[in-house]
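The next part holds the structures, each set out as structure tokens.
Two complexes follow with subunit A in common, the first pairing it with subunit B and the second with subunit C.
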Partner chain A sequence: MSGVMAPTRGQILSLYKQFIKNANQFNNYNFREYFLSRTRSTFRKNIKQEDPKVLMNLFREAKSELGVLKRQSVISQMYTFDRLVVEPLQGRKH
Partner chain B sequence: MFRSVCRISSRMAPSACRNIVGRPIMASSILAQRFYSANLSKDQVSQRVIDVIKAFDKNSPNIVNKQISSDTQFHKDLGLDSLDTVELLVAIEEEFDIEIPDKVADDLRSVGETVDYIASNPDAN
Partner chain C sequence: MLKLTSARSITRLPQLYNILAVTHRACLVNRRFYSPPAAGVKLDDNFSLETHTDIQAAAKAQASARASASGTTPDAVVASGSTAMSHAYQENTGFGTRPIYLDMQATTPTDPRVLDTMLKFYTGLYGNPHSNTHSYGWETNTAVESARAHVAKMINADPKEIIFTSGATESNNMVLKGVPRFYKKTKKHIITTRTEHKCVLEAARAMMKEGFEVTFLNVNDQGLIDLKELENAIRPDTCLVSVMAVNNEIGVIQPIKEIGALCRKNKIYFHTDAAQAYGKIKMDVNEMNIDLLSISSHKIYGPKGIGAIYVRRRPRVRLEPLLSGGGQERGLRSGTLAPPLVAGFGEAARLMKKEFDDDQAHIKRLSDKLVNGLLSAEHTTLNGSPDHRYPGCINVSFAYVEGESLLMALRDIALSSGSACTSASLEPSYVLHALGKDDALAHSSIRFGIGRFSTEEEVDYVVKAVSDRVKFLRELSPLWEMVQEGIDLNSIKWSGH
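This part shows the complex of A and B:
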């Protein structure tokens, strides 16, 4: 094998999209906001990263984390939580 | 297909045809309505897209104070980078209850293009 295949820009954006979508599905405000901000900050932290090796590792890591996120968001939908005071009463923003 | 069969047979025995298919002429118009009823007007779509953009909470003052028209470009005029654009499109997807495929999403650079896409998507509501 010659070199490492770096993930393309499209693949990364599509992964980001899946993170945001799944994070949005949490019923619980704290979990939802946590995962949204965590997703944003991790992707942004590496926005200038160009080393294909590092990128591939990050990509792989993020993919397995996405699995965790998907499972947890499904589980979170099985429980109901009271609204917090910080949440708007009429509908959510997202 | 059904109709043509019906037409042929109705020439010979109109009453028999009616018995088999039930109102043969009505059938096609009902189907057409069911498939194409959810279309939104372009004005409605663009108003809702603009509302989503205004509510998009990353808000740089760029978005809040800006007059948004169909020519507004996400990157150039609103200062959104690729990650922000993805997030905005997710918010828009949720608003209209559709899924924008990645290939299309790559080409959506302005409010107008997005509105056109949504207006042409029969699933949008």
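This part shows the complex of A and C:
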């Protein structure tokens, strides 16, 4: 462990990208939309955060949440259902 | 096709299948049970793990069930709904068929984060939380206790005051039957309201058979109870007041804090059914003087089949348990807890607290949009108080349209005309009756539920679909024609047969 080391800008960006990628993989429309918008709002909310301690905690929390998202997006791909009436059949908007 | 880039262990599965297939075949060869076609059987490398569920069958079964209830043929019901639907939405091709889910008061989808917590307890952590002789028991017990803490935190209670039950129905029954039975020597009176959930009303009615007296308070046309009336109903032998926090059909929030203060002043136990309120509005059992509070897990994106009851410890509330047994849960609810459900419930409660502000803002925004969209049509009214309500529950009456036919025409949206418990019978809602609505208006009411996972796109679709189809169904209605011509419907003398 490297003690209290704030994550770098690159690390945060890469984490954000992975969040978006995994959220996009949800087969369920509502979950996909929710995690996409939640990811965007959470990262935006902390954009001005400078305190390394807070950043470290946020980063650690986000990493465990990413684990949940990865597992659950896989499960969502395994148990699929018909598309919703608001979902286009051909291609997704995202 | 499945894209499993992130789960390497799962992509290895096909290879595993191949190995199994090969060894199995080898056995057959050795035993000389070899049959030529079997040689050609080889599992694909890209064996799909996807299981797809089709819901069209469910829609057909439901149509025939409703038709047999109303005495028409299933085809006719489907057809009448379809004409209205196809009329309104012929251009809507190239989209899916599964309905939009807007029945959040009936139940909510399980949050993937909740499911993720639960899966561990269905795979490896299967110990009995009450076994204290081995680590299997300890690990599930720790999870149960941390879930209990999360559930308690949302309402500012002590974890020891939370008792897990099978759901809010059991919690309500425990209170309505348990408290009066414990104090039956001195107290003989229960107060509740007319708009409670069926399980409270039925439990109260069951207590009447046991010799208790029950006062059912009326509500005003807004759905709110009158505190003066409550005060007058209180007698020296009243032991329990039960008023629900958020109504399940109209979303009205009762003045819980004032009721709590009144009950505390008169030393009466105050129970609130918070199945629809827990995690959705701010509740504090100490500030609101609540003695007992029922919670349901599947209304807060948790698993179905679990709920809880808050039972105050100071001043202590005593109640007779419904179940006798091993004395789990402070002896109030015997029976082994289900750690997967309890852990899921705890996680759901934790998320409700964590996401409270975001969820509230999201639901309020969508709710305002939906209400404005729906009420912009003429002769539509919002049922219940416009100010004291939870925005995620919207009950709207569409005059001159029959609710059931509107629901059939809205098969692409999952809605209900009231509580799920009563929607099987075609009776109009007793809650709307209590508000003083006539049968016709109660029949033409629909409840819309918005939740964490609802999207703006869905709300836009719903507003458009509902207004189009209400318009179409009204054009078919002779009553609507008369209203348009300016005939007062009440002045008509219908010839009776």
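Here is the rule we use: the second predicted complex is superposed on the first by the 91 of 94 C-alpha atoms of A that agree within 3 Å, B and C clash if a C-alpha of one lies under 4 Å from a C-alpha of the other, contacts with A are read in each partner's own complex, and residues count from 1 in each chain.
Just so we're on the same page, a contact is a pair of C-beta atoms (placed from the backbone, for glycine too) under 8 Å apart; a residue touches a chain by one contact, two chains touch by 3 or more.
Here the structure is a predicted model, which means the values were calculated and not measured.
If you put the two complexes together on subunit A, you find that subunit B and subunit C both fit without a clash. In the superposed three-chain model, the partner touching more residues of subunit A is C, compared with the other of subunit B and subunit C. In the superposition on chain A, A:63 contacts neither subunit B nor subunit C.
Legend: residue contacts after superposition of the two complexes on their common chain; A:87 is shown touching subunit C, with no touch to subunit B. Of the two partner chains placed by the overlay, only subunit C lies in contact with A:74; subunit B stays clear of it. When the two complexes are overlaid on their common chain A, residue A:10 makes contact with subunit B while staying clear of subunit C.
Of the two partner chains placed by superposition, A:53 touches none, neither subunit B nor subunit C. Judged by the touch definition given at the top, the superposed model places A:43 against subunit B, while subunit C stays out of reach.
Closest contact between subunit B and subunit C, by C-alpha atoms in the overlaid model: 12 Å. Comparing the two interfaces of subunit A, the one with subunit B and the one with subunit C have no residue in common. If you check the complex, the residues on subunit A that touch subunit C are 22, 25-26, 29-31, 33-35, 38, 41, 65, 68-90. The residues of subunit C lying in touch with subunit A in their complex are 2-4, 6-7, 10, 49-56, 92, 94-101, 109, 112-113, 115-116, 358, 412-413, 452-455, 457-458, 461. Put simply, subunit A touches subunit B in their complex at residues 9-10, 13-14, 16-17, 20-21, 24, 40, 43-44, 47, 93-94. Considering their complex, residues 55, 57, 81-83, 86-87, 89-91, 94, 102, 105-106 of subunit B touch subunit A.
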